[in-house]
Amino acid sequence: MTSDITTDTSPAFDPENPAATIEAMAHRCSNWGRWGEDDVHGTLNFLDDGARVRAAQLVTTGQTFSLAQPFNAEGPQKGWRRRTNPVHTMTDTGLDAEYGDQGFPFGFGGADDVIAMPLQCSTQWDGLGHIFDHGRAWNGRRAGGVVTSEGDQVTGIETAADRIVGRAVLLDAGRALAGELGLEYSELPDGFALTPDLLDRIIDQQGVSSQVGRGDILLVRTGQYSRARREGWGDYAGGAAPGLSFRSAPWLHDREIAAIATDTWGFEVRPTELNGAFQPLHQIVIPHMGLYIGEMWNLDDLAEYCARTGRYEAFLVAAPLPVTGAVGSPVNPIAVV
Amino acid sequence: MTSDITTDTSPAFDPENPAATIEAMAHRCSNWGRWGEDDVHGTLNFLDDGARVRAAQLVTTGQTFSLAQPFNAEGPQKGWRRRTNPVHTMTDTGLDAEYGDQGFPFGFGGADDVIAMPLQCSTQWDGLGHIFDHGRAWNGRRAGGVVTSEGDQVTGIETAADRIVGRAVLLDAGRALAGELGLEYSELPDGFALTPDLLDRIIDQQGVSSQVGRGDILLVRTGQYSRARREGWGDYAGGAAPGLSFRSAPWLHDREIAAIATDTWGFEVRPTELNGAFQPLHQIVIPHMGLYIGEMWNLDDLAEYCARTGRYEAFLVAAPLPVTGAVGSPVNPIAVV
Amino acid sequence: MTSDITTDTSPAFDPENPAATIEAMAHRCSNWGRWGEDDVHGTLNFLDDGARVRAAQLVTTGQTFSLAQPFNAEGPQKGWRRRTNPVHTMTDTGLDAEYGDQGFPFGFGGADDVIAMPLQCSTQWDGLGHIFDHGRAWNGRRAGGVVTSEGDQVTGIETAADRIVGRAVLLDAGRALAGELGLEYSELPDGFALTPDLLDRIIDQQGVSSQVGRGDILLVRTGQYSRARREGWGDYAGGAAPGLSFRSAPWLHDREIAAIATDTWGFEVRPTELNGAFQPLHQIVIPHMGLYIGEMWNLDDLAEYCARTGRYEAFLVAAPLPVTGAVGSPVNPIAVV
Amino acid sequence: MTSDITTDTSPAFDPENPAATIEAMAHRCSNWGRWGEDDVHGTLNFLDDGARVRAAQLVTTGQTFSLAQPFNAEGPQKGWRRRTNPVHTMTDTGLDAEYGDQGFPFGFGGADDVIAMPLQCSTQWDGLGHIFDHGRAWNGRRAGGVVTSEGDQVTGIETAADRIVGRAVLLDAGRALAGELGLEYSELPDGFALTPDLLDRIIDQQGVSSQVGRGDILLVRTGQYSRARREGWGDYAGGAAPGLSFRSAPWLHDREIAAIATDTWGFEVRPTELNGAFQPLHQIVIPHMGLYIGEMWNLDDLAEYCARTGRYEAFLVAAPLPVTGAVGSPVNPIAVV
């Protein structure tokens, strides 16, 4: 049913020639200049107030789902690129209040806390300044002119503070493909690539509420997080994973989605399909397409609800913490149905 | 119109006898045991799915408002109780990507960042483990049994991860009272106490969309943040401020609101009305009432909208970052109208 | 030659009865009250100015050795008890200076940096408030009266700011015992316990410069750090390790050393010799003996020098960073010979 | 008596032409290439083992002085360039140990802590990568090739880990000049510039132990820290201060000192003597001369000792924490006399 959008204009795909393949795909999927030279919002431009009104009408039961993983020291990070798990510490506790040295009058006592964490250590948004291609950031800007040690001075995550509110569509790839793949759990194996054909097939299988179009926030559940919860993190942070195929870039581009989020560390399949590349799909969709990517989301509870009801859409509010100049942000996304 | 709720059972109020006044008010406003011995949600219990469905129906234009202040080094904190402003630093930048030593292939480049901050340094929720009275936390629990150096092990902010979604009502006290107080700006002076009578008067003046009832999230704009933006922070973090009167506790209690948030550092009036007390209203509403308090919210843009349209209600999603065991959380609250 | 100090008064040692064994040893090795009720220095009292003058006279070549491991993200920590490796980030760089947006006049440019780290993530001193036994801290004080969320308010590491300056003696256990143990490298295997007899034997073997007495700072090289450098960290932070035997407590006590440091994470042998205990030697020497413990020191270069020259003593300055109220401190110990 | 070193070849000094004055001084004082193209140590090359042996012989009483200020939240930082005071927090306390939820057996209890801080928030060394002139770092290297977001990859502070050990000479400028300036306290006023003539006069006045020569570590006490301790920090961190005159650069250069440290935030006089410049003396001595600068040292106790004994020299060990790639480091300098 989504077949009216053609993806057969995909550029040549040569796993042995990553440089040329990436360049061709960047050209194919570029949105540079689409919203003017000064644009800082990228694909969030597809999401307008009218879409938000329609999305709010999806609320029929009032049930809410937090799509965040817990933020704590037990997270998946292992120190790569200085990414630790959150270090949350107390500056005052109930024990101190009982002990009575807090200096407050009339029985008043308090607890207080601080945190130190990478902005992308757990459930997060990638900002548009997070990834560059050949020294170019979103909309063709010079990378060094966008993100300095002062942070992202053009497309900092604060530019999205009030924007990521709209219709979410869940593609539960793990569940939809479990049968044909003969999976024990509704979880795709590591290294499994979600190609355009598979995305279309999942939509067909899930039914009409799964149609993906302009301004939608696409949620893709691979099941890897479910597996990590059952079996331990392993290499969840940076290792092999199921995810979007590099070939899905035109599909994502042509549907004019506002954002995409998955339950994996890096959204795209790993190992990558292009020999020797790092995250080639990131390299396309962030700097060239201007797409917001959510990573390490917890889609399990929402997926259960969707499977039970057959409704795969929700009203989503996923507001990043407006840290000035940040290239990413922790987020507690809320889906309301 | 809200006069059907009686507040004349308020206990004796003696500024010269804070201890007795606090104790009587705690007794008057206690919700201990109301939702069972094991309750961890406090007044969020008033906010149910039905209320959320009705709240979603308030979305008619799709316009969104971020109610967060910027999170950056220019914030109001001065180091009290080790509360600094956020320290946001980059671990990789666009300049590094251009320089070419990031070690990625095929032109891939990235920026990444970390943050260190108190959880209550800017726009925030106070969790139920944040304040104690005489060694007692929410629902009568022993403070030291709730919050240790491991964090809040009972009422940590993660318990509210999916709950703070509902109808918000804005009481724009600064604007509503500007005329009778002869204010140059729609900003209450520091030390101005919002008593029950004044709250009722504001509701009457703003009209029917301002009615406050069970499960609502009450937003009170004093105007102090507008003043800080114009004149500089001064003692915004911890100094004198307009805010809720200690006497408003029964009013807040009887209306069965789910939460309250203001545009000031500490929600209640400072200096306090009780001689020598610190934050006596906190001492009532958090441990005894179980009320969620939002502080340092930016209500200015929403207030402009409300003043222009005469509609003072919105659909609000204000999901805390689910830091396990945190006694507070930064938040980017989103109002949708 | 150190046989004039008797250790045969060691209490009963029963691996199957850790509680009683720990209690007896605590009694045997206690220094509570030895330097008065108000003492905060513990065994550092053994180190006086006269000893420092004699120690300075050991400087004959002017050669210096830094006994610190590198402080960086590649360290051994894995997150246990929220202990990460140091997260060092730049707030300004040379690339930014070149880019020219730093705002300084006349060609001035700068780089600046911040760090977030556990105080005991790398080469360190344990302060006297780091370990308790049955709720008692050094000198018999109530643990909760010493260390609150405000830090160690009695024996904070700042009390040792100017004190850890004196004679160091290196016992290179890995090298001394390599022959009789048939080791390929001069590195003791994990789980190897250094008992009093072995310590005496090492001293005899190394010769007269190794004699250990009052006020000395004892350095014990097991070789585990050398192994970690060759083979990777593995479980260096918290796993099995060679180290001081629980039975060495009286030996350490009776020699009246000022401090001890090793090249391992935890100074004492692991797994512990007492069934089910955690770090029983810590439990004796910190709260009962008042002994300063250095951990994760890099003794390799100094050991090479000592082996080459046959001199196993040096002038040592190992000044903790005086973080007010800290229960430990990173340190860059300097040995001068 | 130090008059045998001529400084009359100082370049033209024109406060109204900072650019030319800085350039001429850079040329006058450059050490680029002096120790080879690959040098990373700068003036620390002047400090050799022979000097260290002589310095150790200065130890005659064994008395030690910690020259560090306290590291805590009460420090002078106000947030400029994201420089906060240290945030030291506990991850476990004695209260927790007493409470009994730490999970350790047999009465074992522990306290642990973490810190987040700028590396230059309190007593510190500036590394050679801290300051650039016209995009050039020490020894003429490209600034961006030295310090990236990965840190200083050439002259990181770890290169000085075992080097800053030698003879310190204290010039107590505040005390020496108090008489002729008619000062109430032995503290120079803010804005007071220590020119070469004054430095020579102080040395003459203090006597022979104050002679400054090759490899010495020069300590200059202005008295500003004493004033801050008495009157409060005020603008200690970044405001007006007494300090070294820009004109002292040739004096510092020609004496071939290894390092210099003062009791002020920025070592050089502020406001600067060059109209509109920021820290022009830094701009000369770090990138061109390769000089290590210590700032915010506490020289008061040592100064008392020196005044009392008439001896102004000591054995100094001031080992930076070897944070890999850091452009500065906190330090607890120890003087032994």
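In this document, chain identifiers A, B, C and D correspond to the written order of the chains, with residue numbering beginning at 1 in each.
Going forward, a contact is a pair of C-beta atoms (placed from the backbone, for glycine too) under 8 Å apart; a residue touches a chain by one contact, two chains touch by 3 or more.
Source: prediction; values computed, not measured.
K.L.:
Copies chain B and chain D touch; is their interface built from the same residue numbers (over half shared) or different ones?
P.N.:
same
K.L.:
Could you quickly compare C-D and B-C and let me know which has more C-beta contacts?
P.N.:
C-D
K.L.:
Quick one: report the Å distance separating chain B from chain D, using the average Cα coordinate of each chain.
P.N.:
45
K.L.:
Would you kindly tell me how far, in whole Å, the mean C-alpha position of chain D lies from that of chain C?
P.N.:
Going by mean C-alpha positions, chain C sits 29 Å from chain D.
K.L.:
Can you work out the whole-Å distance between the CA centroids of chain B and chain C?
P.N.:
47
K.L.:
What positions in chain C touch 2 or more of the other chains?
P.N.:
82, 87-93, 95-96, 98-99, 114, 116, 144, 148-149
K.L.:
Of all residues in chain C, which touch chain B in the complex?
P.N.:
These residues of chain C touch chain B: 87, 89-91, 93, 95-96, 98-99, 114, 116, 149.
K.L.:
Quick one: in the complex, what on chain A touches chain B?
P.N.:
Listed in rising order, the residues of chain A that touch chain B are 18-19, 22, 48-53, 56-57, 59-66, 68, 70-72, 81-83, 86, 88-95, 97-98, 104-120, 129-135, 137, 142-149, 151-152, 158, 161-163, 165, 276-280, 282-283, 315, 317, 319-328, 330-334, 336.
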